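The structure that follows is given in the form of structure tokens.
Here the chain labels run A, B, C and D in written order, and each chain numbers its own residues starting at 1.
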Amino acid sequence: MSKTVSMALVRDQKTIGPLVKLLTLEAPEIAKNARPGQFVHLRVNDGPAPLLRRPLSLAGADAGQGTLTLIYRIVGQGTALLARLKTGDRVDCMGPLGAGFDLDCERPLLVGGGMGLAPLLYLAGALCPRPVAVLMGGRSQEELFWQGLFAEACRHIHITTDDGSLGRRGVTLDLLPELLAGGEFDRVAACGPRLMLEGAGRLAARHKIACQVSLEDYMACGVGACLSCTCAGADGRRRKVCADGPVFWAGEVFAL
Amino acid sequence: MMLNVDLAGIPMKTPVMTASGTFGFGPEYADFVDLNRLGAIVVKGTTLKPRPGNDGRRIAETPAGMLNAIGLENPGVDEFLAHTLPKLQGIDTPVIVNISGNTVEEYGELAARLDVSGVAGIEINISCPNVKEGGIAFGTSCASAAAVVKAVKGNTAKPVITKLSPNVTDIAEMARAVEAAGTDAISLINTLLGMAIDIHSWRPVLGNVVGGLSGPAVKPVAVRMVWQVARAVRCPVIGMGGIMTARDAVEFLLAGASAVAVGTANFVNPRAGVEVAEGIRDYLAEKGLTHVRQLIGRVNDFTGR
Amino acid sequence: MMLNVDLAGIPMKTPVMTASGTFGFGPEYADFVDLNRLGAIVVKGTTLKPRPGNDGRRIAETPAGMLNAIGLENPGVDEFLAHTLPKLQGIDTPVIVNISGNTVEEYGELAARLDVSGVAGIEINISCPNVKEGGIAFGTSCASAAAVVKAVKGNTAKPVITKLSPNVTDIAEMARAVEAAGTDAISLINTLLGMAIDIHSWRPVLGNVVGGLSGPAVKPVAVRMVWQVARAVRCPVIGMGGIMTARDAVEFLLAGASAVAVGTANFVNPRAGVEVAEGIRDYLAEKGLTHVRQLIGRVNDFTGR
Amino acid sequence: MSKTVSMALVRDQKTIGPLVKLLTLEAPEIAKNARPGQFVHLRVNDGPAPLLRRPLSLAGADAGQGTLTLIYRIVGQGTALLARLKTGDRVDCMGPLGAGFDLDCERPLLVGGGMGLAPLLYLAGALCPRPVAVLMGGRSQEELFWQGLFAEACRHIHITTDDGSLGRRGVTLDLLPELLAGGEFDRVAACGPRLMLEGAGRLAARHKIACQVSLEDYMACGVGACLSCTCAGADGRRRKVCADGPVFWAGEVFAL
């Protein structure tokens, strides 16, 4: 469970979707201790600008190989700098950080939107060979390169796209009630936009299915020291997304 | 090479402390750094009652810096004394408690409550830009700053450090006022008041509209103020603002600081506090010096003023 | 997409000016940029008598910024009127003269001397941190700032802009004071007072010991001050401090600036003044807006104070 | 004579001495207008840190090829970033800036110390086939890779090193009196540390030989706009090193 900061070796980096990169790092200490739902905090630069580290979820970790998989979208200057990394480069990597997903379930449904699918990929692998189903949402079929990534670990893949170009037209929350109504799941694990998480938490509660959600917030330290990322818990107490989360039981952070 | 300093009665193994609000209470960083190798740990700003802090987004990155508007989220002094302080007992490093009040009396009460073993000193925060009452208001008037210092000194036997706001016209005047009021040391700078606007939503980026600027961007302002203050007072000065490396720390020592604190740098490099101290030791060796005190204020050999 | 603004009677084709001291008199940059496409050129600080400026090193790079201690080197107002101004007649862009005096009377005299055709306006520099007499001293007291403004207004028919120093506790109070004294517009920020120390020689890096910090590092402080000032006064505000791109400029406009100035950015990108204006035009198009004035102060729709 | 700012193409970069790089850029507009003694002002980064451009003398310019040669030593963060440039990269290059050397002479002696030899290399090429002599000073023989660079254009190469490991032991100013005493030169052109320039100016004046010196100062704008770099002229008037210089007649900037 111990966290380290080290110069990870870039094994490989490739483009897997529009502005989406898959980065494989060699960081044995981190890989050894990692669990699905945790994240790493990366320096993107050695100068003072951009100054802060960037948090990225683990999309996979292989303790044997000592490797980590990250999947990220280029959205700003930090991710643009990360995208320049090439095999053989080094990158300052801190982790594994945060609390991961609870794995104590039998028939899980993973619900992810956009880049929220990254930590769920790692989770799916860890839950396999249990029968894992995933519900993935994206803007259009272009974004659903995820399908291929999840194919190995998941028995059922359900898809929605905003424009209907792949799977059901709509958003994950449109399809979720149907899936839960079937009564086949004993766990929901969700990652994506806040509204989606809240909705998933509510639907799961209605079906009495335990639900975990992975939150996101702007982070400086990533270890619970700066209080940049705290959110109000359902009980009024504040939670640190970086240290108490990013994965929470839905009822802990949403009034369901 | 001797790095130890006695800071107004607080014995420290190195002159490198962690800045309040940037290092939690210490244990948050224990996986990365040996807490026993820090000069002192200054914990997050503590208030009489628990505070939830500000709503909305709390940080924004800026060129070579960051804005924060945490708003003094903290569990309150009772919780600190009951649960946090005991956990710090195993650490062989002085723990300094940074305090914030809404009134002069609250500062006095906080000091009294914290006059317990395990607390090595009190740092008075009269300079938090992120709260509506108190906070920075005390830090921009000499009279109210002095009143706060007197209230604290009257209620504790611990060494008292007063932390100044850089958002003032005459920092030396503020320093003289808090020294006259009895502070044992002065720390500076707290953050510069700043703002960022999201050009797509037209909204302030921070939930609190304005926030405090820290990091390398502010270092030149911090060095200048430390220099001005160190020349204006006799009590020791703790310099901070943008220190990332030992070279930065040496600048502050030369400017007149007796110790330094590492803040935002912790977020970037969790080992910063220890690495800065190691770097100072190497620098002393390189220059053939035997003690860090040989650096303090030495720029004045050349400023001719 | 309309970029033109009327700034207190000075008609400008774009809201993007060049900041005093960073663009010479204009012709220095003519090889790189069409001077006719700038909103206005604010020339280097001019004094009654020629000044040689400061000795020793005058600039230092800092994280995302720079310190300067030029010390108002300039050939004096006579030389400016006799030789420099005539050379600017061919440029179809308002020329604003930035003035600095050692006394209130000198400011008045400078204004009188510059009340000639070819000068579109006067910018009063009461905020230069790099000279011993006058300079910043006027900029840190409301009363003396107001006295300077009155002296200038009494001696010229031109629009008068007063440039504020950020090195004050309450920038809004300063702004109200100079507005009450009759200034037609306010520009801010001038540089933040900073210092750098050479850790090898132990000397201040700058010959003048301290200098003025500018560039991206200061932008959050500048945006905050522009926001505070724009809410405190009715006269137009010119925002500057770390503007490198149109995005930065839009932040200042949303904060309440009616125009902006590009300073340090000119050194990095000599076409900055024109590119920022082009970028603002593109931004307006993207947002479906027709005039730059639709942006001014719009953050206040969301600040709720 | 017109100056431009453009994205120069990196043709080649190689190491030619300890921490010394030779960079060849393709920048036809600048190459066309360049003269020996002028310099370019380079952005080393696209972010805000380091913020300022770096001035580097032209060590050569080929109008036909459209190329510039720069020779620089890695001394700090800016030059370290420049050293990463590889063939095919682009770098933002402003120039040609400043006033160059006067070429109206018949038997010139070029005097250079350390990196001050860079602009003299360009000058030597431009003066050739006139009989050019060069006096070069360095710390030790390691630094005198310059010898090879000057061999083509110079008839005589005189060398001093601080440690005597190559040529005469001492500094250029120790050997210069001898060389000037010979009476064979009608021009001295010097670039290097200030004390050397002043000494060269004085010695040349004593022999009534016209002398030009190339100064260096900390620069922001590089075009005469910011007054970062001005120096007091011998007449009391200030000169801008970037725009009035960097090359001056010695008597203009030193009291000889």
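Quick notes
Keep this in mind: a contact is a pair of C-beta atoms (placed from the backbone, for glycine too) under 8 Å apart; a residue touches a chain by one contact, two chains touch by 3 or more.
Quick caveat: nothing in here was measured; it's all calculated off a predicted structure.
Identification of common neighbours of chain A and chain B yields C, D. When the C-beta contacts at A-C and at C-D are tallied, the pair with the greater total is C-D. Mean C-alpha position of chain A lies 47 Å from that of chain C. Chain A and chain D have Cα centroids separated by 55 Å.
The distance from the centre of chain C to the centre of chain D, each centre being the mean of the chain's C-alpha atoms, comes to 36 Å.
Centroids of chain B and chain C (each the mean of its C-alpha atoms) stand 33 Å apart. Residue positions 63-65, 215-217 of chain B are each in touch with at least two other chains. For chain A, the set of residues touching two or more other chains reads 48-50.
Taken together, the touching pairs cover every possible pairing of the chains.
The touching residues of chain D, counted against chain C in their complex, run 2-5, 43, 48-53, 94, 218-230, 232, 238, 243. Note for the complex: chain B touches chain C at residues 62-65, 67, 140, 167-170, 192-197, 199, 201-204, 209-210, 213, 215-221, 223-224, 227, 242, 247, 250-251, 254-255, 283, 298-299, 301-303, 305.
Chain D contributes residues 45, 47-50, 77 to its touches with chain A in the complex. By the touch criterion given at the top, residues 63-64, 216 of chain C touch chain A in their complex. On the side of chain D, the complex with chain B involves touching residues 48-49.
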